[in-house]
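Going by the order they are written in, the chains are A, B and C; count residues from 1 in each one.
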């Protein structure tokens, strides 16, 4: 089935109210830097965060959660064990789960962990261009390619990674690129201020998880989440042109944004 | 001694300036999600936070701290050891301490830990209705009962838990219920936005600890803290109707609120 | 070479745009309370934060980072190991690194750790007066001396500590005092609201690291960072007189401040 841009945006119009109505529990094993922002972003968009990240609890909750986020930003030893436990349980119980392989390629512990997790059938993998390239085996990660090149450079690795893992791949950048290995969707929403606050990518990973919790079509869920999130950032930047204010306004906008705004303002290609 | 609503609110009018004058050191062993917000809430209300949560330091500080908060939101192995050490030391040194049994009943590691900690004579236990019910042995915790029922459903478990542990029990919800096992006080202050930010309950636990540090009547301290905190939330919601702004405004309001405002606006029953 | 106040401020005028142009990677091993604020402060001032704090990764990154921050606020066992690894690597690779010995003197684990780290040739040590006194062997730390005395009380210990460690010492207070063991510079910028938010000192440590990453004269870098940071706080306090708003405005001001504003408003003595 070929879907048009209107189809994708109408998915957002359906999924966003469904997140708010059902308030899915999104379990997060995430980094110590942005866990507060990630939890607040989930609450703002209408989901229920549960940052349960210790062994013996993480796997248990992952069986019943609406969705799971595993973010490798600061992977302590205890968290690494809990991440593998939770991803295995999510896989087993068919809980959709999002892998955010922060810093993969550049640092050894998380690179090995990301590769193991990528083999546990994540539903969505979200990262910047250099992370997706590194996880797909192209390049060493690091500070990444120039922003103007990043979508084109990451396209082939993203398609390959989708095909090898079975996951939807969401590459974040000035233009986002999302693919299931067959269809490729680009989203040109967002604002440069996203790069001036910590946790913008982490929170997007969580919002993707919230959307994946309420729909079986994970490509549509990832596209809807990225569009809604980028547009919320545009609204936030209207009233806040500095990073401290922008982070606050982004949470406000995530709580205010509705489906029709996404349909009207989504810039897909 | 039967106390009237006016008596309770006048306690707040005495305790709040005492927190600001004496700036009690409130030691917190709390979760990684909201530790920043908890520390800022304590500073805003006038206390001195000290987030000392490692073994060999936690117990030492708990002996000399003004009060201690133990919050089970993300209890890593190292933190669990430090929590038991700190609670034991607080108990031994007569340091008032608050237990916030986040997620008890729903998850096994923290459930066992909460039960052990509840046996170490906490001064106050603060939780939502489902957590208090679970800790009292009624029900399995989880996402909790419907908000409209919660006060009535939690009343008997709260009274039982107060009697079995010797603690003051503070049940947070649309209406807060506070009891020492004999007297029951309800407080109808607050705002629905408290449920749209992470850490609203965690920060309340810390504020209760700050009030407990400056007064020997812990029921009065808990009532005063809950009233002041709820009213600060009402002021915050006046100027901020979205969650990002509300969290910022709540810290501002906690630094601005004074005793007369609590006396005037407190809604006890 | 004797430098005048104008010289110091002109250093700030050179270093601040250099941070923004080169966006140095500042690796942080910091506490769980303020890691989000520290990362956002680095982004606001123009640097690239990387909160890599686990063994086997921390040392590796410290070899190539622009600068390193080691903050002892909540030193878990795993972090302590990573801190020693990172400081050793920074020392070996000539990466400038800042030690922030939070709570040293008052608590045993971090006191021993701080002493070991102080022996690994930190480039800058930043703390309040009681921490610098404790690390220099004068007094036991704790809540510290009275604000009006602190600069004078810390002057001799700071000079001694600079001479024994080879580090530039930055003592934070109502007036900051910075010394390399020979020259002593005082900076009277800042605002009392810095003491009403958590992480103001932690973020200053990180900003010093960012400035140290772009200049070889570490005394000049520390003076420039403290002046710019204090002046950003003054701008922030103009529009925000309560702590929640002030923290947001401080990030905004850090992103807005420029060299000429530092030259114009710097109050050195």
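Just so we're on the same page, a contact is a pair of C-beta atoms (placed from the backbone, for glycine too) under 8 Å apart; a residue touches a chain by one contact, two chains touch by 3 or more.
The model shown is predicted, which means the values in this text are computed figures rather than measured ones.
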| item | value |
| --- | --- |
| Same vs different contact residues, chain A with chain C, by half of numbers used | different |
| Chain A on chain B, rotation in degrees - Cα superposition, rounded to nearest 5 | 120 |
| Whole-Å separation of chain centres (CA-atom averages), chain A against chain C | 34 |
| Multi-chain contact sites of chain B, meaning residues that touch two or more partners | 32, 36, 76, 247-248 |
| Chain C-touching residues of chain B, taken from the complex the two chains share | 25, 32, 35-36, 39-40, 43-44, 48-54, 56-57, 60-61, 76, 78, 247-252, 255-256 |
| Parts of chain C lying in touch with chain B, wherever the complex brings them together | 31-34, 36-37, 73-77, 103, 106-110, 143, 196-199, 242-245, 247-248 |
